[in-house]
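Note that chain A is present in both complexes that follow, paired respectively with chain B and with chain C.
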Partner chain A sequence: MLEQGKISGRQAYLLIINVILATAILFVPAIVTSAAKENGWLAAILATAVGVVISILIANLGLRFPDRNLFDYLGDIVGTIPGKVIAFLYIWWFLHMNALVIREYGSFLVVAFLPETPISVFNFSILILAGWTVKQGLEVICRTNEIFLPLILVGLIVLFLLAVPEMDFRWLLPIMEHGVKPIVHGAVIPISWYGEIATMLMIIPFLKQPQNFRKIQNLAVITIGIFFTMVVLGTVAIFGPELTPRFIFPTLNAARIVNIANLLERLEPIVMAIWITGAFIKITFFYYVAALGTAQFLNLSSYRPVVYPLGIILGAMSILIHPSILELEHFLGKVWPVYAISTFEVGLPLLLLLIAIIRGKRGKT
Partner chain B sequence: MKKPVKLKFGSKGTKVKNANSYAQKEEPPGEEKCSLGLSSSLEENLGHLREIFAKSTDIIFRDFTIGRWGRLRAAVVYVDGLINITDVNENLLKAVMLEMPMAGNDQDLTKLDVLQKIKDSAFPLSQVKEATLIEQVVDAILSGDTAFLLDGYSTALLVGARGWETRSLDEPATESVVRGPREGFVETLRINTSLIRRKIKSSDLKIEMMKLGRATQTDIGIAYMENLATQELVSEVKKRLQQIDTDSILESGYLEEFIEDNPYSLFSQVNRTERPDKVAAGLLEGRIAILVDGTPFALIVPALFIEFLQASEDYYERYMISSFVRLLRYAAFMVSLLLPSLYIAITTFHQEMLPTDLLLSIAAQREGVPFPAFVEALLMEISFEALREAGIRLPRPIGQAVSIVGALVIGEASVSAGIVSPAMVIIVAVTGISSFIVPNYAMAISMRLLRFALMILAASLGLFGIMAGLIAIVIHLATLRSFGMPYLSPIVPTHPAAWKDTVIRTPWWTMLTRPPLIKKGNLHRQRPYTRRWPGQEQGGEANGRKNKN
Partner chain C sequence: MLGFLFIYLAGLALIIWLELPALVKQKQWREVAAFSGLVLIGSYLSISMILRLPTPNPNVLIEAIFGPLSKMLEAALSGG
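Then we have the complex of A and B:
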């Protein structure tokens, strides 16, 4: 194995939470409410339910081969050449997804905090940091996450509690006025975020006790669901179902209006800190799986030599991939969910699981 | 001086392994040690020693005769100033020169194994060793032993009658306490080991010795509790120490750099202390202490990040007060790291974050200040660092003058001259005070350096730069290990069982186990229910064995 480190169940749990929550937390209220309006929180719950199903699928596939990762057993399931092709596609997906996250990250910082700074400064500075971290290995990524994520979650809860005076829960009514359809519609994009859990297929063998992975993952998805619902409820109760979708980052705007006794006001630095650290770890993790996957694809003995070359690709991709944040939003809203769910997040894992079951492939348990 | 000896008696082939295995390695050319045996001729032996110690005026040779008729010739060799002269005169010279002849006649002297007899019954001294190699004799003399050579015997007696001037036990200058023992280590290793032995009266306390430094031959003591320290840790420490091959070890700082896991890190991965109680506490947690002769600073490994923010007094003062002080320390730690950079970032990039009144007040103060906030902060921080350094190095009487000049010139005059804003002076002062709260000097210095890095990041990228810097620091800390232990444990990797003694300290009677990080043997430091005594449910002092954590 290219990775010597082992991570504990707690670290895996926190890692899953961060990988999905970090970027979603900013965008999710605007996206679910644009379709589901005042029933956005129901869409968040529905998405979480589907997320649990995806999580079960991923765990079933991963735990058939608990001592090896996706790229190791791909060849066993579908044969060497098709396995390489799928592996290559997965590397593409890791890179593409990461480029999008980096772009969202840079855009957020430019739009919300430092409008005169070029986006490439943020993208490349975070990639240098991330590349360095990736070289330190999975254990360090998980330890860093173990420090930051509890702070992030506490920060979110504090923010929510401070914003309570601004909330008017009548905004949440009526429930299901237009039936189930808008809710399903609103849930699609969050489902694609839950689907990012498929990246865990790359690290299941590095758990100290892989057999607990199923439980850990389900628990993580449910935790994420609680935070999703909380953020959607909060922002809709503050801004109402019409205004919320019009913001790019409703969570940030919610933080802006908090004002306690003229002393605690303008709390957006909290949101920014949350976003920078959370997104950083998410970027680092995707970067890591891409580097690990590339090294396995090329049969290298270490993934470290490919880290910085991949970083340059990622940096260039993150800038060139979309000319503006509006197009990025459009891509994320209309194209990405269909593309990601149907292939890498659900489609391919399901296919691989079925083939593995039919051909009776199974690793040591 | 050694060269003639070498030419005369030996070459590489005669080299004998030193007692220390570091000498197994090839020594650099020109520093060959000649290790030949003593001959049975006193003249010859003294000749060698005289040759080796030529031009060393502090080496005293005293030859004399033993017995009523002066048939047996003998000599003592020692370093003036390193021995207890009364001991040598009264118990060594007097014993063999005056008392021996009375004990028997000269016939006995020629028949018996006189040396053995002298060793067995003539020296009223507790430390007598035998040596057969010139090198052993030379080493012993240089360490302060007195060599006793007898004509006709190729064995020398090394008599331990050491005695040299030492500093008396003092309160540790760098780690003072309000409550707690006031004794600190001194420069003599033996006194330091005795201070530890006085704290831990257990046969499990082992103190192994080794010598490091080709020229300095510094004594190193490796102390650990045999029942608590893991064998791997002990052998790892020994292995790393034995790898050291240098000519001098003058302070434990040398060792620290040689044995650290990551020598490129800003953070010290080895704890240092002048306090015997702190060493004892470390030993009782299964750590290893490295004592170095010639310095009052002992090293403790492995060291964790949180320990640098703990003071030994935390364990002596009431737990609620200690916990509060610790929280204060963590806050001060963050302030000293971040305050100047936050000020720069907010006043330069994120003015909207300040409440309007405060913003207006700062803006009014900054009116007329010719520099941007970054330059202003940098100037002030550097002058503050310079003042602090001057305060340490200057002779004590001048120190006060410096602080007056610093306070008046830099504090008052620069504000009234309009070079810096009053807000900046406050920021620098608060940062300075906060950095003094960090109890460990090594950590405080790391903070000071990182503060400058964060200021540069803040000046170029605002809050984002600070966050990126903090992330980088945390990642670096997460990669560090100290003798195999993750540096940030027990925070990450998480060990909730050890959290009773991290950010807060829980009462002694709740800390039933030793920190489970260094696992070995009996983890329990006291029996449960220490506070349950007959006829009472609560109250009174906790009894039972108490160990400092």
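Then we have the complex of A and C:
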């Protein structure tokens, strides 16, 4: 194995939470309410339920081979050549997804805080830091996350508790006025975020006790669901179902509205801190799986030589792949969910699991 | 534009200087090849980004494949 480090169950739990929650938390109210209106919180709960199903699928595939990772057993399941093709597609997906996250990260800082700075400054500075962290290995990523994530979660809770005086929960009525369809519609994009849990297939063997992974993963998905629901309920109760989807970052606007006795106000720096630390861990983790995957794909003895070259590719991709933020939004909203869910998050893992069951392939238990 | 190109080349030189000598010294030719190949791909992308050359965008292909599926889903779920 190319990674010698081992991570504990708690670290894996926190890592999963950060990878899915950290960037999504800013967008989630706008995304779910644009289709589901005042029932956005039901869409968040529905997406969480589907997320649990996806995580059960991922755990079933991953735990058939508890001592090896996805790229290691791909060849065993489908044969060497198809295995290499699927591995290549997954490397592409890790890089593509990471390029999108980096672009979102830079766009948020430009749009919300520093409009005069070129976006490439943010993209490349986070990549230098992330590349350096990736070279230190998985343990360092997880330990960094152990420090950041509790602060992120506490920050979010404090933010929404302080915003309670601005909330009017009558905005959340009526429930299910237009039936189930808008709720399902609102849940599609969050489901594709939950599907990012498929990246965990790369690190299951690095857990100290892989057999606990199933429980850890389900617990993490439910924790994320609680936060999503809280944030959606909070923002809709502040802004109402018509205004919320018109913001790009409703959580930021919720922070701006907090005003306790003219003393405690302008809490946006909390949101900025959540965004930067959360996105940093997310970018680093996707960067790490891409580097590990590339090294396994090319049969290298270590993943460290490919880290910086991949960083160059990621940086260029993050700028090139979308000419403007409008196209980024269009792609993320209309194309990405179907592309990601149908292929990499559910399609291929399900196919691999079925083939593994039919051919009776499994690792040591 | 030339300024950006200069910054990029300086960064590239730094990365090569950090990585390559150790790999060559340990005679890890496979790693050297992988490193060089990825640096070449990265350089192609970065230089076309800096000089604004037309680059093939894989999103066009992805949208061509998954766009119709996405529209069908959209149509089925809206107007309920």
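Quick notes
Everything below uses one rule, namely that the second predicted complex is superposed on the first by the 365 of 365 C-alpha atoms of A that agree within 3 Å, B and C clash if a C-alpha of one lies under 4 Å from a C-alpha of the other, contacts with A are read in each partner's own complex, and residues count from 1 in each chain.
Simple rule for what comes next: a residue touches a chain if its C-beta (ideal position, glycine included) is under 8 Å from a C-beta of that chain, and two chains touch if they have at least 3 such contacts.
All of these numbers come straight from a predicted model, not from anything done at the bench.
When both complexes are superposed on chain A, chain B and chain C fit side by side without a clash.
Looking at the shared chain after the overlay, A:M272 reaches chain B, while chain C stays out of its contact range.
Looking at the shared chain after the overlay, A:V180 reaches chain C, while chain B stays out of its contact range. In the superposition on chain A, A:I257 contacts neither chain B nor chain C. For the superposed model, the angle subtended at the Cα centre of chain A by chain B and chain C works out to 90 degrees in steps of 10. In the superposed model, A:M317 lies in contact with chain C only, and not with chain B.
In the superposition on chain A, A:T117 contacts chain B only, with no contact to chain C.
Contact comparison for chain A: of chain B and chain C, C touches the greater number of residues.
In the superposed model, A:H96 makes contact with chain C only, not with chain B.
Once the two complexes are laid over each other on the shared chain, residue contacts for A:S301 go to chain C alone; chain B is not touched. With chain A used as the common frame, chain B approaches chain C to a shortest CA-CA distance of 16 Å.
Remark: chain B residues 349-350, 352-353, 355, 461-464, 467-468, 471-472, 474-475, 478-479, 486, 488, 491-494 touch chain A in the complex.
Against chain A, the residues of chain C that register as touching in their complex are 12, 15, 18-19, 23, 28, 30-32, 34-35, 38-39, 41-43, 45-46, 48-49, 55, 57-59, 62-63, 65-67, 69-70, 73-74, 77-80. Contact residues on chain A toward chain C in their complex (touch as defined above): 35, 92, 96, 178-182, 184-185, 188, 294-295, 298-302, 305-306, 308-313, 315-317, 319-322, 331, 334-335, 337-339, 342. Chain A meets chain B in the complex at residues 8, 10-11, 109, 113-114, 117, 121-122, 125-126, 129, 132-133, 136, 140, 143-144, 146-148, 262-263, 265-266, 268-269, 272-273, 276-277, 280.
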